[in-house]
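Below, chain A partners chain B and then partners chain C, in two separate complexes.
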Partner chain A sequence: MSAQATVELPRSVAQRAPRRGRRRRSELWFALAMIAPAGLGFLVFYLYPTIRGFYLSLTEYSLLGSPTYVGTENFQAIAHDEVFWTSLRVTILYVLINIVSQTVLAIGLGVLMHRLTKSALIRGSLLLPYLIANVVVALLWFWLLDYHIGIVNAALDSLGLTKVAFFGSSTWAIPTIALVNTWRHMGYTALLIFAGMQTIPKSVYEAAAVDGASEWRMFWKITMPLLRPILVLVLVITVTGSFQVFDTVAVTTNGGPGNASRVLQLYIFDQAFGRSHFGYASALSVVLFVILIGVAFAQMRLMRAGESDLD
Partner chain B sequence: MKSTTLRRVAPLAALPLVLAACGGGGGSDAGGESGGGTTLSYWLWDANQQPAYQQCADAFHEANPDITVEITQNGWDDYWSGVSTGFVSETAPDVFTDHLSKYPEFVTQGQLLPLDDYVAADGVDLSQYSEGLADLWVGQDGHRYGLPKDWDTVAIFYNADMVADAGYAPEDLANLTWNPDDGGTYEQLIAHLTVDKNGVRGDEAGFDKNDVAVYGLGLPGSGGANGQTEWSMYTGTTGWTHTDVNPWGTHYNYDDERFQSTIAWWYSLIEKGYMPPPETTVGASMNDDFGAGKYALNVNGSWMINSYYGYDGINVGLAPTPVGPSGERASMFNGLADSIWAGTKHPDEAAKWVEFLGSTACQDLVGQAGVVFPAIPSSAELAKTSFADRGIDVDPFMVQVQDGTTFLFPITDHAADVNAIMQPAMDAVMGGTADVSSLTEANDEVNALFN
Partner chain C sequence: MATTMDVQLRRPRSRVKVGRIAAWALLVLMILVTVLPFLWMLRTALSNNRALAANSFSLLPADFTLGPFKRVLGLATPEEALAEGGSGASLNFWLYLRNSTIVALGVTTGQLIFSSMAAYAFSRLRWRGRDVVFFVFLSALMVPPIFTSLPNFLTVKSLGLLNTLPGIMLPTLFMTPFAVFFMRQFFLGIPREIDEAAMIDGARPFRIFFRIILPMSAAPVTTLGLLTFITVWNDYFWPLLVGRTDGSRVLTVALGVFRSQTPQGSPDWAGLMAASLIAALPIVLLFIAFGKRVVNSIGFSGIK
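Right after this comes the complex of A and B.
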């Protein structure tokens, strides 16, 4: 494929050479027209709100009425806000449990999809939980794991084990929510990883098989190293998404008991829409924004996302 | 190779980010014109009341053919986020059911239309409502922001079969006493009604508090800042009040010994196994568990009567809350009202509707439906009759009003912030992770809001 391109390219460039300037300009307009819908969406729904969010973080604002500039007061308050630090700890715990379990399971599923089955039905069914709306998944598990009427606790009870207040106890709330979301997202993550695995040339595996390498050895020596750039991408996306957990908590524990599951996004929502502190909530969002940039940057650097071992 | 893969994966990868950016809240269009007439939007949160208010809307439309009222019902949480986002996006309902814990903030934000001029011009008789209800809706600025529609008090719903099995007569439940030290005859009743898996009662030897089949008393939650159905019927009998004055207090009293000893007693019920640990109640509603036979007693509000009497196979009885150290009972007296959004395009029509909602014409209809107690006493009597026709004696709710043992729902500024501080603090106490003395610190935090 690449050989063909190198042969063809010079000829077409040579043909176009005389009309190059005009062509460029018309291509530019065409390109602009093509990206305009997405660009408009980006400007209106991402860039402008982000900039305005930064501005609001420096104000006191109740949404009704106009914002009052207060400088860095909100950020100073955040530094002394115990609920913020609790919610940060809670969120990080959530992300750790969610990402570790989700990534390990997704790689496992990816390998199975890649090496074991070619059945579209099986591959497709792994994606099923992801096709259900987040809120529905949350409510489904909320019900399954209910202390009194949930089937899981009924099973535990019949086995003679102690019932667990999955969503109600401050110890279990976050692990439960994290694992519910792992269940929903692992199929999708596995699909991304599987797509990455398909870019690894079959010839490498064939060569390894000829040399007598076991599946286990091939996984660690071929799949994992060659998958690294994809894995980084997947991790950056899933970690960022994981930090933004909201709906599952909002429809189940709503932050409780106490503040045991008050994740950052929920705290931001509470402050803004529950208590009308939009300036403070914006400042919290800015803090989350900075955290996410830092985490994504660190991941890219630490895992050398820009390089591939395949070249 | 690498870049092609990335390009192939990238559109998929962007998906969750887009999905994550979902917004909440909805709003109905604020009053459109249809068929030359005016359409008013009216919101309420209690689905049980919607049919009765639809009757009112129909009657109103008959009397005023050029005005149509469109009713929208949303559950409590969605309702309030819908109202506040509606204010911002200017799509709030013209008229909506308002709550005492919410309206002070709306007044501060300039979102409610003062009704004084309409009330004066149309000669609305404010003395027709149950005592005190109309005054609740006069803001700190002296203006009126709502006309009373109904009131509620709390009482004890009990499982009549369990009570009979335990050897109690209904009369015994009508004369319960309570104190924060040993819980009085009220706690004895709760203990006796608690039964473990082996059939041993809570006040008998060998009671296993870790394996309880039926709890004597239900736990609806930690009660947050006001404890309306959770603890206010106990604290109200100790002489304790939420705030220095009510309405418009500026100092909360959660550091008071009377409050903290009451909460300590309430928590002790969990330790004794008479009330479930809060972590086991997440996700369940107390009344549904009552309907499933897991509780013998529930303290709940009068707006829940039909829910409790609607469970199949459960014989329900009603008893008034216990008499406390003051020698009297106590119940929080909460009153709802209808308010007009300041941004309405049809203020005159909206005022007409609010006045109709606050008149005997509508309140009689609501009373006859037998769902809540209307603010006008004669309409409330109709509700009593309607309940009695179905074999429900609602005196335990009304006795608090007749005896004057009600106290008003605490109305202050910063209600949302106060609750955001008190909810986790109360959760921690009831969850057993903090002592009641920790509420003093929470109280300082609350009072700092008013400085």
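Right after this comes the complex of A and C.
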């Protein structure tokens, strides 16, 4: 960057050197001033609670009185907690179904929009479910997929197929919730990807079209490679979010039937506010935290997030 | 771009056309899948609960009535509500609407200003330790909100702000890692030459930010503003923890309460859909007003 600037500004290096030094000093104070409010929020509501969360995970705390230090007792209990292992398995299943379906659909939608139309109306309608609260979307699908009089089961019934207890059966609860959230998020994810595609110069596609390349080939040889940095950003955000599914489960199955849809965050919520096991709940969220960090770093590593193919 | 040079295949025109028609069909299908459930929601909200079971397929409301909206808004007597299969309970809708509006507007304003400022310092200013500090900020993106929610609940509690709107707003009022990250990405895309040129012309850093960089970024700022507003408006988990009284309950939490009030066995589907529609309406109106500009501005590259 600085090398470029030197080339473009035809001034003697000797003349510029002192200016530069002064600018750097002043930029530090300016930078600190610019960061101050966000930094306050960061310290009080991100850093402090993060540290405190780790501390609480080593305590027993019922919200009354003060936390009692118990060492790693909570984590030992978690290792033997069957409900925890169930909820971990359930959460991972949810994330896999949600992310795979959502990302494939979003890339498909992104490409369709990118190559077919710039219509804001089309993009707007695809974005609509994302604008609507999770709670509303959950209630909507709870109604559409109702076993007795929901439209989907009525349709299955009239086609002579067996009705499905989408939210009521332990086999279907998680796939149903995952696909409901795919439905809600796919348009938004597609728009993020579409925005990434807009950064690919048109000239590349024009050149390929002149050479007679098919859309299929352009997608694999141009779009996907150049989209990679955006895709990593999108995946890190969506996977992190997906692991923290709560709203949809809380207003539909509330973890049931049995523990079939008791995702991690719901289990943490139950422990903290349902049973006042604040220390144990904190330890569970430490585990969730570690999982998320691991998954995010793996993604960044595997997909070389920092580099761009477009130079 | 050398790779495109050796692609010599030429496809016949007709095949390309068939492909385009198929692609359009696919796109239209996806739009229908996206939009039709909402129409079904509206149709249900205008139906009489007692007639729903017998009319599973009719696209028109089953036994048309405005009853569901009336009972949600507290305009129907308990007897009228019960007659149409409601629970007799009502939502204090206008109060919850006010609460949601205050929280969403407050958080959006604060977050936009403070996060953009920080993002500028992390992208276009040069100072020692910048990348380390940014990495620390960014690492907060990896901290699951549930993780900070538990201790933040304690912080808000000890500040005496439980069951207040400031208590709901405070944690995200100053920044979210996503907002800082989002703005930084856009700031990074603006050519360095613009600052350099302004700097050479003697403009001060503060002026460069507010007079040059920020106006250039109006589109992403608008986008982020809308995304933030929607996120806060739709948030359920945090307000569920902190806003449990009538005076601090936001619409999403109220919907959850309304659902649990619904009599077991035969849920008040029409009432639920009416309440959900009303809760979503402000966002939809906002989107009709500002959406096109925002949708268009996604992908704005910073300089033309």
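Basically, the second predicted complex is superposed on the first by the 278 of 311 C-alpha atoms of A that agree within 3 Å, B and C clash if a C-alpha of one lies under 4 Å from a C-alpha of the other, contacts with A are read in each partner's own complex, and residues count from 1 in each chain.
FYI, a contact is a pair of C-beta atoms (placed from the backbone, for glycine too) under 8 Å apart; a residue touches a chain by one contact, two chains touch by 3 or more.
What you see is a predicted model, and the numbers here were worked out from it, not measured in a lab.
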* Asked: Does chain C touch more residues of chain A than chain B does, or is it the other way round?
  -> C
* Touching partner for A:F289 - first (chain B), second (chain C), both, neither -> second
* Asked: So, A:I149: does it touch chain B (first), chain C (second), both, or neither?
  -> both
* Is A:F273 in contact with chain B, with chain C, with both, or with neither (first, second, both, neither)? -> both
* Just chain B (first), just chain C (second), both, or neither: which does A:P175 touch? -> neither
* Determine, under the contact definition given at the top, whether A:F167 touches first (chain B), second (chain C), both, or neither. => first
* To do: Scan A:A195 for contacts with chain B and chain C and give back first, second, both or neither.
  => both
* To do: Could you pull out which residues of chain A sit against chain B in one structure and against chain C in the other?
  => 45, 143, 146, 148-149, 191-192, 195-196, 199, 233, 237, 240, 244, 273
* Asked: For the complex, which residues does chain A have touching chain C?
  -> 1, 4-5, 8-9, 23-24, 26-28, 30-32, 34-35, 37-42, 44-50, 52-53, 56, 105, 108-109, 112-113, 115-117, 120-136, 139-141, 143-144, 146, 148-151, 154-155, 158, 183, 187, 191-192, 194-199, 204, 207-208, 211-215, 217, 221-222, 233, 236-237, 240, 243-244, 246-247, 250-251, 265, 268-269, 272-273, 278, 281-282, 285-286, 288-289, 292-293, 296
* chain C - residues contacting chain A, complex -> 1, 3-5, 7-11, 19-20, 23-24, 26-27, 30-31, 33-35, 37-38, 40-41, 44, 52-53, 56-57, 113-115, 117-118, 120-122, 125-128, 130, 133, 137, 140-148, 150-152, 154-155, 170-175, 177-178, 180, 185, 192-193, 196, 199-200, 205-206, 209, 230, 233-234, 236-237, 240-241, 251-252, 255-256, 259, 267, 269, 272-273, 276, 279-280, 283-284, 287, 291-292, 295-296, 298-299, 301
* Spell out the residues on chain A that touch chain B in their complex, using ranges where they run on. => 45, 62-65, 83, 142-143, 146-149, 163, 165, 167-170, 188, 191-192, 195-196, 199, 229-230, 233-234, 237, 240-241, 244, 252-253, 256-259, 262, 270, 273-276, 308, 310-311
* Asked: In their complex, what parts of chain B are in touch with chain A?
  -> 1-2, 5-6, 8-9, 12-13, 16-17, 20-21, 24-25, 81, 84-85, 87-88, 105, 109-111, 277-284, 289, 292, 294, 416-417, 420, 423-425, 427-428, 431, 433
